[in-house]
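In what comes next, chain A is part of two complexes: it sits with chain B in the first one and with chain C in the second one.
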Partner chain A sequence: MNILVCFTTVPDLELLNDDDWVIDKNLQIDTSFLKPTLNSYDESALEIALTLSDASESVKVPVELNALTIAGTGATTILKTLNSLRFNRVVRIDSHADLRFRPAAIASILTQYVLEHAPQDVLLLGKQTSIGENAKTHLLVAEMLGWLCITQVVGIELVDMKHLMVTSQVDDGQLRQRIQTPCVLSIGDSPNTFMRVPTLKDRMRYGKRPVEILSTSGFQLSDETEELIELEVIRHERAGILIEGRSPEEKARKLYEAYLKRSVLLKERLPEH
Partner chain B sequence: MSLKREQIVEALKNIVGEDYVVTDEQVLKESSVDRFRRFEAYHGVYRLPLPAAVVHVNSTEDVAAVIKFANENKINVVPRTGHSATEGGLETALENSIVVDGSGMNQIIGIDTYNMQATVQCGASLQELDDRLREQGYTTGHSPQSKPLAQMGGLVATRSIGQFSTLYGGIEDMVVGLEAVFPDGGITRIKNVPRRAAGPDIRHIIIGNEGALCYITEVTVKIFKYFPENNTFLGYTLDNMKTGFEILREVMVNGYRPSVARLYDAEDGSYYFSHFAEGKCVLIFVAEGVKPIADATATAIEEIVARYDECVKVEPKLIERWFDHLNWDPANLAAEKVEIIETKNVCNTTEISGNWRIINDIYDVCMQRVRSEIPDLTLLGAHSSHSYLNGTNLYFVYFYNVVDCRPEEELSKYHLAIKKIIVEETINAGGSMCHHHGVGKHRTQWIEAEYDSSYYILKKLKSAFDPNSIMNMGTIIPLDK
Partner chain C sequence: MIFKGILIGCSSNIVLQAKELNGFIRGHLSSGDNVGSTIVFYSKIEEKNQVLGLVPTEFVKLVRVTRYQPENILQALQAVENAEKTHLYIFPSGNAGSELAVRWSCRMKGSCLAHVKQIECSETQLIARKKVYANNVLGSFKLTKKPYCISLTKGCADSQAITKRDKLTITEYDLTDLQNDPFIKQSKWIPTETTRDLETTTFLVVGGRGMRNKENTESLKKMADAMGADFGVSRPVAMNAWASMNRIIGVSGTMTKPEVCIAAGVSGAAANYAGIEKSKTIIAINTDIHAPIIKASDVVIIDDYKAVMEELVKIVLN
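And then the complex of A and B:
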């Protein structure tokens, strides 16, 4: 079973100071000085893929793990890590274009890769990135490929060469389904999926394997209908009042007297519903 | 006859009041350890004797009364403030210990900007003190990575050091005066003077005592004028540590005092700097102070580094932003716990120091031995972060996967095995096994080798000040000695 995990690296925006949020004329914010990090949902996808590979011998389903990113050289470190974790094939599609808000373009690249370069049985993608947050790419890929797509996936098990047991989060709980490949699975909030860490020995032995590098010039990007026209910084602020006091007891007393007492008394006077 | 646990608790309640004596089992478990045993603690494993109680003290008199009681009844006392220690110094090595927590003594008593000193209680937060000072254009100059968590008593007790030490010094250079309680309940105050030659400097009996001699209740530290607008960040990539040490030495020997002078090897550097220094060592400097001094320091460093062809300058903003987010805070620790439990990948450190002539050899031999003798490593690196006229430190950083062992076996299989290599090679080379984290309870087996003939002084201090052996037993000096 060929499994392709499509992942991206993102700058850690939490490390930006207020005065770093400067939007330039190209509608970019300079994050070049921030160390890139794996998009968290993609990290889950990569770890889930590795777990499937762990299980392949016991269920007698051979698994080939592949990983692909559309990025510049900033992804080099993570690609080496994936090699160290013994992904069979690690691919970077070299891109310097601004694809932050172009899920259709990304989807078209991924589709062409699967159809023309390396056939796959399963595509795993994180549900969205912390930059674009559009949660569209996996749906568009599935549509372009004509494959089944399941979203909010939290767990996957191997059944046989053509089937997976997929657990996904739905409104009122979890749904567990037996799925036939090929399929696109979008990974949601899956617990316990920090990606494992390769040992030094594995990094020495496997980390230097070549990364397959392709160029976006070899792909037809779909025409986007949406054009980015403006970026605005959203300030997440909450009003707050600092209660000062010499001890926790004093602060709690102040909190009660000044803010809570009235609502407690009001609640006592109101009839219960 | 020794008191039973219930009798100890009852007596403590009579001393400080029932509200300030905690006997909740989970609190007692968590109070029996510090960050040294965090892997097993995160898995709910607590192997050490549970303390009888955690006592929250609110005054020096409280501390004196509790410790006097413990001394009269030969009960082990573990002094604690911020609970951020990393070497087992806060572990309760004996049955029915009393953990005396001074974090409630958190007042900033006074800031004297004319005499350039600030006086605080032992539980005062360093972060809060420094924030308050910075509002007024001053700083303590002290910035250990635990700054958001650490409190002043513990920082002095462990002889801590901060990221800007190359300019401001370690805590031992910052302390002006102290108040401490000794095991007999006596309260000692050392006054605040700029310098004196009235016998040995007795502050240094207290600074670094790790709670093994006394309980620090109040500290006066120097403060410095703060000019962040003049900070200049300099970063370079280079090929090898030996060159980096030479550059650090040249900066220090020629009298320059950048607040930060750091050298990362490629492996440790990869953790932070892979986006611009893949496979390279990284040198970092920060020049600060009044503008003429900051500028001259930065200019001089640039001239020194320019003489080494292999050094390539990097964009200063890369260094500045990294520096902004170096410290731990409660959110980091909470995230760390989740990640460790899920990945079973643990980071630990061992810090040592050595003179210029030996430091690179120590680095080479430790790296070679640890790499070849320890299994399951995922990262092994080191950096120098505190330099002096005559040498520097090395902070070995290692991550490993905990494989095929129970949580309680993790330390002996990995961390202690690595520490043994580093400590023994360092002592053999003539360095110190312990640069700034304190001895705690897990380097005590090498304490005699560390001190050699001067161990006599350490032993006498312990027997003189703690004749009943109640102060944080097992710390600095091993239990069986």
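And then the complex of A and C:
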């Protein structure tokens, strides 16, 4: 079974200070000084794919793991890590274009890659990136390919060469569905799916394998149906009254006396003793 | 502008969907130039009257389907709708709404934006606003291809209680014979653990990454229980499996508006803060004076959350 994980790297926005949130005339925010990290949902997708590969021998379903990103050279470190983790094929489609709000363009590249370069049975994508928050790419790819798409996936098991058991989060529970490939699976909030760290031995043995690099000029990019016209930083400011004291007890007492004691709410909700 | 609101009555959060849609319509589409109707999907006959009591417009298309499956709903929409005559489709917040909005726009060759907070309509375009950059920035987007398909973001409108209409003009469709997606061979729904309703809580304690492990998370929950507060967590806490996913507060989980919210060991990441920003009073307890939550709170204690909360519980109980 050929599995392709499509991932992207993003800056860790939690490291930005208030003063760093500056929007320039090109509607850009400078995050170039932040080290790129794996987009959280994509990280889950990569780890879930590795878990499938781990299980492939026991269920007798051979798995070929592929990983693809559309990025510049900034993604090199993560691509090497994926090589070390024994992904069979690691591909970078070289692009320095601003793809933050271009889900249709990204979806068209991924679709053409699958149709023209490397046929796949399963596409795994994170549900959105922290920058664009478009939440569209996986759905557009599925529509372009005419494939089944399951969203908010939290777990996948191999059944046989043509079938998977997929667990996904829905509004009021979880759905476990036995599905036939080919399919697009969009990974949602899947707990405990932080990507594993390769061993030093595997880093030495596999980390230096070449990354396949393709040019975007070989792909036709779809136009977007929406256009970004303005960005505005959201500021949250409240009074921030500091409660001081010499001990946690003193601070807790002041908090209680000044803000909680008279609260009808608290009295009403306290369990009876 | 001719608009259609979509409600998915097969889902247990139908009341919340209806309140949000009602609030959004009143906030953005109440002028006389706009004409709207609602398309309601439902499965069980016995739920028909309940969903009819929730619709925010006079004109209703009531569509019965076997169950919620995106492909079923899209096919049903195609059967009951002429998209050329509709300018704007409004899908509910949540994952199902986003999925349907994107796929419907793709099939109708329109334009789409997911998780929309506000809109401005004109004859030739729709300006829609949504949060981007991990909820730190508000982006404005121009949509030019009709039909415009948007899904709402959680908490985008002040939920408006629905008053049952005296007059409804209903067109009914029974599409229970639609075939299920042939690529789905078997499906089983597993209900998740139910928690007290975080959406309507008046007193909330939220724990963040500062709790450091599962044991501390469970301990903070016990303290919240002792004070009669509901307990929620930030996404990283649930991703570490220190708490269940249905306790997440923020864009990945529940949007709350309590009277009092105690944020313990919470950094104040925008995605989590969005879930408590409508609190009347936010009290932050954190060791890091530079954490974003400090400026965004009404009251601040710089200290170890555990020590302060333990003392607070003692004081409250005595």
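Annotations
By definition in this document, the second predicted complex is superposed on the first by the 258 of 273 C-alpha atoms of A that agree within 3 Å, B and C clash if a C-alpha of one lies under 4 Å from a C-alpha of the other, contacts with A are read in each partner's own complex, and residues count from 1 in each chain.
Here, a residue touches a chain if its C-beta (ideal position, glycine included) is under 8 Å from a C-beta of that chain, and two chains touch if they have at least 3 such contacts.
Quick caveat: nothing in here was measured; it's all calculated off a predicted structure.
Contact with chain B, but none with chain C, is seen for A:36 once the two complexes are overlaid on the shared chain. Applying the stated contact rule after C-alpha superposition, one finds that A:259 touches chain C and leaves chain B untouched. Residue contacts after overlaying the shared chain place A:199 against chain B, while chain C stays out of touching range. Taking chain A as the reference chain, the count of touched residues is higher for C when chain B and chain C are set side by side. In the superposition on chain A, A:76 contacts chain B only, with no contact to chain C.
Touching of chain A by both chain B and chain C, each in its own complex, is seen for residues 16, 192-194. Here chain A touches chain C in the complex through residues 13-14, 16, 18, 21, 23, 29, 40, 100-101, 130-136, 139-140, 142-143, 148-149, 151-152, 163, 169-180, 183, 188-194, 225-234, 236-243, 248-249, 251-253, 255-256, 258-260, 263, 265-266, 268-271, 273, going by the rule given at the top. On the side of chain B, the complex with chain A involves touching residues 104, 107, 270, 272-275, 278, 315, 317-318, 321-322, 324-325, 338-339, 342-343, 345, 371, 376-380, 399, 401.
Touching chain A in their complex are the following residues of chain C: 11-13, 68, 70-71, 94-96, 98-99, 102-103, 105-107, 110-115, 127-128, 130-145, 181-192, 202-203, 225-229, 235, 238-241, 245, 248, 252, 259-260, 267-270, 273, 277, 281-283, 292, 294-304, 307-312, 314-317. Chain A makes touch with chain B in their complex at residues 15-17, 20, 33-36, 74, 76-77, 192-201, 203, 246-247.
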